[in-house]
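Below you'll find the structure I mean.
Labels for the chains are A, B, C, D, E and F, by order of writing; each one numbers its residues from 1.
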Amino acid sequence: MLYFITGEDITGVELAMEHTDDDDVTILLLQNAVYFANKSNKTVTQALNQNKKISACKEHIDTRGLSNFISDKIKLVDNSKIIDLIFESETIINM
Amino acid sequence: MSEEKNIVILLRQPPHGTLYPVEGLRMTVAVSADFDPITVVINDAVFAFIKDVDKTMYSMHIEFIRNIDLDILIDKKSLDERGLTKDDLIDDVEIKEHQEILDIIANSTVTIPF
Amino acid sequence: MARLGILFFDGPYQKQASETVVKLSNAALDKGHEVRIFCYMDAVNALLDNQKKIEGIFNIEEGFREILTKGATIRLCNLCLLVRGTMKNCLKRECGDVKRAGTPDLAKIIEETDRLIVIC
Amino acid sequence: MARLGILFFDGPYQKQASETVVKLSNAALDKGHEVRIFCYMDAVNALLDNQKKIEGIFNIEEGFREILTKGATIRLCNLCLLVRGTMKNCLKRECGDVKRAGTPDLAKIIEETDRLIVIC
Amino acid sequence: MLYFITGEDITGVELAMEHTDDDDVTILLLQNAVYFANKSNKTVTQALNQNKKISACKEHIDTRGLSNFISDKIKLVDNSKIIDLIFESETIINM
Amino acid sequence: MSEEKNIVILLRQPPHGTLYPVEGLRMTVAVSADFDPITVVINDAVFAFIKDVDKTMYSMHIEFIRNIDLDILIDKKSLDERGLTKDDLIDDVEIKEHQEILDIIANSTVTIPF
């Protein structure tokens, strides 16, 4: 299950966190949603502590100069890999 | 696979100030020709269904959705956070516990947020 | 290869959505996937003709022309164009498979694609 | 009587800003105040011609035509029109004191009005 | 001083609250900012408890059906009164 | 009264994802012909001035603003909330305590938010 989060609304991350470990959940952050990846963001830090898989669009992180401010548990993915993630996930939850 | 697709139209934004919720309900109506979309209502979008809100631009969509027996489901947590109760809402909607809302979203094939 | 549906709502330049749509479409097309796009609300204005190129700003028209050339199909919400007064300005059929459509065409895109992403 | 400057950023129909600009302008003009408006970014598209009237939706073009008739002046950011490809579609001078302008014209509006409000 | 708040960002209300009672501060809510007037909003409730003057655009409250959900300490103003408020205030802080 | 007007250009939004901060800085430049606008930076707009952010679209505006000795002031509270420090920022900006930022806004005649 892929939480595909492109907006500045953190609800998507919150919903993803409510899944139990039985569900295979990946959170993908794009556009201004990549700011949620900042280490000082409590919701995302908590999601990482829960061992949720979080990826972020590399180009959008780089443009914003954020690579030094995010946890190294967050996987940076290029557009080609994003397309793969989309087709690998049976369910896409757009937020 | 198309006949198995579960479509969730996810309303998040308040009913006025933007055209998002109106356009979201219009999308539910459009998609209902081919699928049985469920309209899920969270956050400030719950205000779209209070009794006194001006529904000129979307009352026909609500009516259409109810006439073909599709569900409009309201997240109870979002209501609680805003100090709203069942009595504040119109009859055409159904209140669901947050966990049920989450399950419906998780079981969708396609979620379209507005 | 698979089919990707894309829906978006925002016009060009104010927000990043139209640029992201172009870039993800390119990535999907380059991998051999099909791409079908539906432009809803302000997004119809992303396909207007005559968007002037400004140094340092990603030109949205050019981006969409490129993915049309590569075979993407694009549908523009008719009513959204009408109400905005931009019906006559959008890219014409000679650019590729771009045309005006109704909301039921999004249902068709959902039906005929393997995944639908929404760029907010 | 006093002079009111208004700045806004959003295009028509997606967000409420353009409708609010029309309504507050009307209220100010009806009280005998002067109104000078600067349209920046997407807001330039609020002044496009041929916005189709749809039952139940406030027609933005008609609203702006009305306040132009009542004497409001409207300036449209030139570069914003150019980049969006909508330069040729905006309301013409025969509708009232509406014309293309640069950002320095906003400075002039700030200088020559008693208050500036921004509608986000 | 008039905090003229038309956006969905509550920062304007927060800044207005940081003024001491010596400053003559009025908060005016328009468009979707009128949702901040909801009784369940903690920031606005606190501002009212601090005796800050808060007004809201009557038309925008009515369209949204909010009149039963807001404190009666919030003054509803029509567009004509909004224009008066604008010219009565030496400083307009647009947010 | 025009010569007495204090203009604050208030940047609130992050540097990419929207054109708001770029257009805000362009506005500071434009208005500087007639006034001495102060650029005040709060909330996610502080990210516009970190060292590694792509400034292609607005570095010339920053340079112009500094060359004519106008201030770009960063709200320390917004920095703190985002885990940022002075060292993360470019040299062309000045960090101010939140109370000073508030005073500057309160003493403006016109505040233009982006």
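Note that a residue touches a chain if its C-beta (ideal position, glycine included) is under 8 Å from a C-beta of that chain, and two chains touch if they have at least 3 such contacts.
These numbers were taken from a predicted model, which means no experiment stands behind them.
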item	value
Chains in simultaneous contact with chain D and chain F	C, E
Dominant chain pairing [most C-beta pairs in contact]	C-D
Chain whose mean Cα position lies farthest from chain C	E
Label of the chain whose CA centroid is most distant from the centroid of chain D	A
Separation of chain B from chain D, taking each centre as the mean of its C-alpha atoms, in whole Å	34
Separation of chain D from chain E, taking each centre as the mean of its C-alpha atoms, in whole Å	24
Interface hub residues of chain B, defined as touching at least two other chains	16-19, 110-113
In chain A, residues with contacts to at least two other chains	7, 9, 31-32, 92, 94-95
Overlap residues in chain D, where contacts from two or more other chains coincide	9, 13-14, 16, 41, 57, 114, 116, 118, 120
Interchain pairs in contact, sorted by label	A-B, A-C, A-F, B-C, B-D, B-E, C-D, C-F, D-E, D-F, E-F
Touch list for chain D against partner chain E, complex	2, 4, 16-17, 20, 23-24, 26-28, 30-31, 33, 114-120
Touch list for chain B against partner chain C, complex	1-2, 5, 7, 19-20, 23, 26-27, 29-31, 33-35, 110-113
In the complex, chain A residues that touch chain B	1, 7, 9, 11, 15, 18-19, 23, 90-95
Chain B partner contacts - residues on chain E that touch it in the complex	8, 31-32, 35, 38-40, 60, 62-69
Residue ranges of chain D touching chain B (in the complex, touch as defined)	13-16, 56-57
